[in-house]
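You will see two complexes here that share chain A, one where it goes with chain B and one where it goes with chain C.
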Partner chain A sequence: MTEVNITVEDVQTGKENTFVKLVTIVGQLDESNVDEKSTMIYELISKTPANLSLIFNLENLEYMNSKSIGYLTDWYGKISSANGKMVIVKAKPNVADVLQVVGLTQLIPIFNSLEEAKFAVLNDAPATPEAPAAAPQA
Partner chain B sequence: MPSQEQEQTKITVILPTNAYFTAGIRDFTLNLIKNTAHFGEKWAYRFQLIVDELCNNAIEHGTKAGEDIKITFIYSHEFIEISVEDNGNGKNKTSAKEMEKLVEERKNPAYVNAGIRGRGLSKIVVNWTDELKFEDMPKGGLKVTAKKLLNTPKSEDINAPMESTNHIILK
Partner chain C sequence: MESNLSLTILCLVLSLIPVVIWLGLMFLKDGINKKVMFIIFLGGIATVLPLFALEYLWITPPEVVEGYKQTILDFSSQYLTSINFKDWISYFTNDVFGPAMQAILEFGNKFSAINFLRVAEGSGSLIYLLPTYMFFAMLEEVFKQWVLRSADKKYLIVKAINDSVKYSIVAGLGFSFAENILYFKNGWGTDAFISMYIFRIIFTSAGHMAFSGIFGYYYGMSKFALTIKKVENLSGDTETIRKRMVLKGLVIAMVLHGIFNTSVQVSEMFKPALIFAIFLIVSIYIYAYLLLKRKAGNLVLASDISNAESSTMSKKNEETLLELIDTWFKEEKYADVVQVCDRFLQRDPDNNVIKLFRTKALDHVEGNNPSKKIINTILDKPVEVKDESVLNKYKPVEVKKDFQNSEEFKKFQEQEQAKKTEEKTFKLDIR
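== the complex of A and B ==
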């Protein structure tokens, strides 16, 4: 099995009934590991049925295949239908390239910094990179 | 003077039907394209994914566990062509005609894919190559060939390095 490591951390929101998790994926997501690893994210989503937003830190994700993109799309559907947002931070160029060719960046924007990503999920503005520059969090 | 055909390089790799081995073929593809073929880094990463998608389809649909798939790389100053051939005895065997129909349906911008699968060929391989061909083989397998041409209007960024990611601009 190809090596991949997924960790989840709570992000402090300062807002009641608003939950944000930072999901960091390190390694390669491919046919040999993605089905097994995806269960962790489904469990995360099912434990917080509403108002959960996910920030995916892909800074050290070296590779993802089309099935991984299928899972991202499915998670986006579940999160957005439960009043949450999903964004990506620091994707490598080859990962950003494939997300763009399948059209996923239209739904899940990519930010350069965690601060910008947090700003996008915690504010009412659409979670797009064209949102105003990140303001310091309270 | 050598003919165009003589200038082509052909490499064939036989791979057991185990997803574990596709990581090795991905590394091979990346290094081959970066160091040998006349494509830049950006396209080396793209071909890495194209090969992986073709192999995964061949393993999932066309070849029994424990048997082999055949991957062929042909490249020259004019093009790079990658073929993946299964042996046709897999549990989800699909004919060339069925594959053509499937890809045609799914590459339509109006097609909404709500599933986990189905983006590899129709979104990634179709968009990143100039030709995608399906052939039923005489012994029952399916051969899928993806070809990218150099020196065409679509190939203007063929030597491009991988740019660092700034914000993805929504179009």
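== the complex of A and C ==
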């Protein structure tokens, strides 16, 4: 099994009913460990039914496989539908590249520092008119 | 002699009418190479010749060998007088050619397919009819597929799967044209001529085109086996997959052709078999037609390698994304697949695997699946296109961005810095 270590820390928000967790992933997420490790995040999400935001620190994540991208998309769906936010801090270029091609960086932005990530999570974005999802072009 | 020639010309014209109509219906507005199409059509006609040669071999009695021998000996004594190996010619004719030819014809007569056909038709039993007609169908399909493969080797015409289907259909139509002339000639003047004419120009011609079209589809797939192997997750080496696809196409075409021929034959004793034969042909034809309408089939996969743009993505990332696209495709997240493929192709514009995934997903999004289209035509309430995509459902980012130079953020940074200092001081105090 490839080595991967996931740690979860509480982030002080100073706001009532707003829960932010910092998830730090170190190592490689691949077929040998992704299913086992993902349960940890699912448990985290299920324990806080609403207003949970996640900051993923991927500074030391060397590689993520296709399945882990699928899980990340699924987590995003759960978090955003429960009024939460998801952001990434310091992804390595190869990881950021894959996420960009998948289109996840449009949903889960990548920031260069933890401060920026915290600020983005704790402050609401200015309201913008809802744009309809673009239909695929032939 | 003259009336025979007139009848042949008349039957040729009668056979040409459906060809013009079919080609016009299918390819008038198509970008198909008309010159190559004509050559393939002639090739399709020519495939009737070896079948007749085989038939001739089967029905020639062994006694005629004596006549052949005499012709050779007469020719040598008349024209090869100056050559001093008459003995050798005589020896070859009498002791080698004669016995060999006699043996071949005896063998051919004993196991003659024509004899089998007579026995099978006489018996009226499916046990005999099915294998016999299957055998004839096999011969016809083998010759027709040879035309497409040879033409493709010479002219490199198959650049997309649909090219292969189209040219194969033309070969089938060529064969049908030649076969029709012979049938019309034999049936001329009989009571059943008109019904036979109508049935052959519509259903038999459509059948030949459809059977060849099926082979063409698999041949087209085999041409792009390397790409399709990745898209369909096929195991084994590419060359084996290629051969397997060609064989699969040939077997399906042969079996359907055999079933059609048998049904038509059985219909002489059992009328509903004709309805089955017509239903079979119409179904295959509609399916083949809708198959041609798919975007995936029209995708040009044979591109000039020298023009190919190189990828700006790492090999490992490419593999990860391919796995993801494959998984999402299987999970029916077609709109997501199209989006990811679009972004992928911006980085690697000539990646055929991604192009094929994209068009296949797009076919699903637009409901171009042939079987679904047929069901939708039959049912009043159309079957909705299933799509489990998720990326499309989510609204774009709802977090604050581009705030790094704002006063608000600077204040936040100061607060965070102060918190850190406070924590540090607190830790020092404890010590």
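Operating definition for what follows: the second predicted complex is superposed on the first by the 125 of 138 C-alpha atoms of A that agree within 3 Å, B and C clash if a C-alpha of one lies under 4 Å from a C-alpha of the other, contacts with A are read in each partner's own complex, and residues count from 1 in each chain.
Rule of thumb we're sticking to: a contact is a pair of C-beta atoms (placed from the backbone, for glycine too) under 8 Å apart; a residue touches a chain by one contact, two chains touch by 3 or more.
Please read all numbers here as calculations on a predicted model, not as lab measurements.
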Touched partner set for A:28, first chain B, second chain C, both or neither: first
Partner chain(s) touched by A:71 [first = chain B, second = chain C, both, neither]: first
Touched partner set for A:2, first chain B, second chain C, both or neither: first
Touching partner for A:110 - first (chain B), second (chain C), both, neither: first
Partner chain in contact with A:102 - chain B first, chain C second, else both or neither: both
Touched partner set for A:91, first chain B, second chain C, both or neither: first
Touched partner set for A:120, first chain B, second chain C, both or neither: second
Shared contact residues on chain A - chain B and chain C: 63, 65-67, 69-70, 73-74, 77, 94, 97-98, 100-103, 106, 109, 130
Residues on chain A engaged by chain B in the complex (per definition of touch): 1-2, 28, 30-32, 63, 65-67, 69-71, 73-74, 77, 90-94, 96-103, 105-106, 109-112, 128-130
Complex contacts: residues of chain B adjacent to chain A: 19-20, 22-23, 26, 42, 45-46, 48-49, 52-53, 56, 59, 113-120, 123-124, 127-128, 162-171
Residue ranges of chain C in contact with chain A within the complex: 295, 313-314, 316-317, 320-321, 323-324, 327-328, 335-336, 338-340, 342-344, 347, 361-362, 365-366, 390-401, 403-404, 408-409, 412-413, 416, 419
Residues of chain A that touch chain C when the two form their complex: 12, 63-67, 69-70, 73-74, 76-77, 80, 85, 87, 94, 97-98, 100-104, 106-109, 115-116, 118-121, 123-126, 130-131, 133, 135-138
